[in-house]
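My structure is below; once you've seen it, I'll send some questions.
Chain naming follows the written order as A, B and C, and within any one chain the residues start at number 1.
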Amino acid sequence: MKFTVSEIAQMLDGTIVGNEKITIDSAAKIEEGRPGCISFLANSKYEPYIYTTQSSAVIVNKDFVPKKEISTTLIYVENAYTAFTILLEEYQKRIAGGKTGVEQPSFIGENSQTGENCYRGAFSYIGKNCVIGNSVKIYPNTYLGDNIEIGDNSVIHPGVRIYDNTIIGKNCVIFANTVIGSDGFGFAPQTDGTYKTIPQLGNVILEDDVSVGSNSTIDCATMGSTIIRKGVKIDNLVQIAHNVEIGKNTVIAAQSGISGSTTVGEQCVVAGQVGIVGHITIANKTKIGAQSGLGKSIKKEGLSLSGSPARDLNEHLRSMALVRRLPEIEERLKDLENKHETSDFQGQ
Amino acid sequence: MKFTVSEIAQMLDGTIVGNEKITIDSAAKIEEGRPGCISFLANSKYEPYIYTTQSSAVIVNKDFVPKKEISTTLIYVENAYTAFTILLEEYQKRIAGGKTGVEQPSFIGENSQTGENCYRGAFSYIGKNCVIGNSVKIYPNTYLGDNIEIGDNSVIHPGVRIYDNTIIGKNCVIFANTVIGSDGFGFAPQTDGTYKTIPQLGNVILEDDVSVGSNSTIDCATMGSTIIRKGVKIDNLVQIAHNVEIGKNTVIAAQSGISGSTTVGEQCVVAGQVGIVGHITIANKTKIGAQSGLGKSIKKEGLSLSGSPARDLNEHLRSMALVRRLPEIEERLKDLENKHETSDFQGQ
Amino acid sequence: MKFTVSEIAQMLDGTIVGNEKITIDSAAKIEEGRPGCISFLANSKYEPYIYTTQSSAVIVNKDFVPKKEISTTLIYVENAYTAFTILLEEYQKRIAGGKTGVEQPSFIGENSQTGENCYRGAFSYIGKNCVIGNSVKIYPNTYLGDNIEIGDNSVIHPGVRIYDNTIIGKNCVIFANTVIGSDGFGFAPQTDGTYKTIPQLGNVILEDDVSVGSNSTIDCATMGSTIIRKGVKIDNLVQIAHNVEIGKNTVIAAQSGISGSTTVGEQCVVAGQVGIVGHITIANKTKIGAQSGLGKSIKKEGLSLSGSPARDLNEHLRSMALVRRLPEIEERLKDLENKHETSDFQGQ
């Protein structure tokens, strides 16, 4: 698919300085560009590359003033990064085109219905009483159980497993091999040392605009619902246990795990490999650093936490710096002890 | 599905105080109840809710004495929590009903046989020479290789992959997209810097009553067997490496990983995101706290460990408290140093 | 499948001491052997077992001198461990035999072609314009999108998902349920608190001889390629984010995660549950200990690092030893403080 610089500038409401007739067929980082590519410059750290880039065009902020000669064509816009993103989205939409129709063999149970303009890939399985909205894409090799609802425009990637009674909103994206709604990990210890399974009868609700990465797991509630609120973004290999609730627009990076019945606030940022214990509440806008372990409720909004157990980021950094210096600290302690012994001796 | 309070009391061997004819169609937490729901009260922390709950009935311990007026119907039983669990199980059994029969298309290889009352979902694949017991449920989109045995009543959820020669006992449950028996991670370094694959010829054995969550991985042994003993419960996204053995009734929470050739004892509790190195032995009844890293064999039974490297929980907590106080400790050290300098000076 | 000791010795260029006509039908560890098995002895730690092993034959190093009487047959070779590995490989090759042909139903899109001697399992899905080399095995229930290339002899295990435009080299092995090429985790925060998806238009390239374990995830690049170089070995449940590059012959153990745009050098060893932040560069031959967290670029080659944040292994161990001793250190500090108070008092 090809665009001229002129078409792109029009799409982005931008102003061209250079050759408006050049044809663009791909996108690249400014430092990796080649003829036919378009790039962007938003972070001044990358400015040196604009004087040497092989890209045919570069989108720049409207206040950009070149310090040297530039051979590439420039497109000035309000915000280069945003404009570039819009461009990529437009590009992606056009190439994705949008699969529709039903590939065979595929399976759909009694009383299940799909809206208009849907795609059901080969070897996809849909159980009974499911209600699938318009323009939903269900890729090959997926499994949907019974009584499932999926809102308009949502995309279920290959190998996704969705258990009975799950409700998924509009514009959600679930990437490959993620499992939604399998049993929470609930076992009651018996006096003979064995464990009895606690039935997990609840479901999972994903509100609109939720994205879940690949190979993640979101367990159904024991009773009631595990709830992922509107706009939440979850990365790969993340574990969300039963009865968890994740607040609006919270972001959770790869390999983090949230234990049962914990409520995470809105607009939180959970970095990678974080662990959060069960039955706690985390205030809105909390930021939790990578590999942290959170063991207690956080009541104040907007804190930055780190460490395991997690605490205030700056305090954690200060303690970690001192841990590094422990050999020196012990040396100083020894020095003092020696002086004391000497002075005790002298004092005798 | 509906029950009367009278039917439920009979099922649980309970005594009713209130309206025995009310109809129950769902279960809920006592604080989230609504008409038609049944709840339970076991932990006195939740007692205040029993005076305001909207649930139509609440199961309580036989020694429960209300402190205020109660509008909901009570069912007195020996142990409210256990009784509630029994009720949920009964409910789950009745709704699950139990799929049986074969959906098409599905694949079954030469010499493979299934017992009575089995379910084989669409797009499920069974290789050669497999022996599947009675009442086994194999959900859609699953893969079983060759020479696999599965005992009566086990359930293989959608997307599970079971490699050749795996043996699974009775009453096991394997949740979605879990992989059992793929190659252990074994590579021999060569002098030119490359790695040569060490063939993994062993298998995996799951004894009876084992449960494995979603998206977990249990590798086959290099030679011999990776063994998961009777009654073990494994959560989501857990890694069990080659030649590991997990003792009876041990519980392993989400995202934990156990390295090759390690033997974990019986009745252990491994919390979430724990890492255990290879080639060690862990005594029975060991408890390992979340995010811990265990690097050495544990010989004494019943210890509680935490930290990375893991050690006695209380010692770990004491050290962590002191790590938090390191800035203060260094201040105190500085004070002493200053006093010394002063006193040295004065002493001159 | 059966071999005589004589056939095995010939295969390994070895010398027999004992009965060359014994038949071998299986392999076992020396301490677990039984009649019909072959074992090896490389590490002298296991020497005591050679005097009691039930294995019918044992492969030993050519310089092995028995200290007691031995009843099993010995095969002397240059390097017992290597020889044993060769034997296992040969055995595996012969039993695997190598599936070929196409099982039905399976799906293959327009313009896609497979080479000679390939296997396409039932319920496997191949999109459009794919180029699959010779002797490639695509197991059941797999998904390959469009425009994918796979080199000769590569094996795609059950449930693997490969997104559009992925390029896989020769002799690669991708184990069950691994996802290659799903979207990188890229979202641009908006002023209203929501996140806008950043289109991920790049792909993933796996060079020759790469192995990826089960349930791992390798994200496509935002632009350009996420690259896994020749000979890299990746374990189960590993996360490789967008635009990462992993250098030749690097090994990454289970549950580790590498964040976006990081470059890992050649011949590195990343142990289990390691986290590496984004946008850094790690020198060749770096060794990173289990559960470490790496936050900064490593410029010097060949370092051993550990801890979170990771630093020199020996320094880390020293600090950790002192963390354990913090209670004692604080006691010593208190002692000094008490002495000072006393001496201050005395001094008055």
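Going forward, a contact is a pair of C-beta atoms (placed from the backbone, for glycine too) under 8 Å apart; a residue touches a chain by one contact, two chains touch by 3 or more.
For clarity, every value in this text was computed on a predicted model and none was experimentally measured.
For the touching copies chain A and chain C, the fraction of interface residue numbers used by both falls below half; the interface is of the different-residue type.
Chain A maps onto chain B through a rotation of 120 degrees [Cα fit, steps of 5, range 0 to 180]. For the pair chain A and chain C, the distance between mean C-alpha positions equals 26 Å. The residues of chain B that reach two or more other chains are 105, 123, 141, 159, 177, 215, 237, 255, 273, 323, 329, 333, 336, listed in rising order. Residues 27-29, 32, 81-82, 85, 88-89, 91-92, 103, 105, 121-123, 139-141, 157-159, 173, 175-177, 209, 211, 213-215, 231, 233, 235-237, 248-249, 251, 253-255, 266-267, 272-273, 290-291, 320, 323-324, 326-327, 329-330, 333, 336-337, 340 of chain C touch chain B in their complex. The touching residues of chain A, when paired with chain B in their complex, are 105, 107, 123, 125, 141-143, 159, 161, 163, 177, 179, 182-183, 185, 187-188, 193-199, 201, 215-217, 219, 223-224, 237, 239, 241, 255, 257, 259, 273, 275, 277, 293, 308-309, 311, 315, 318-319, 322-323, 329, 332-333, 336, 339.
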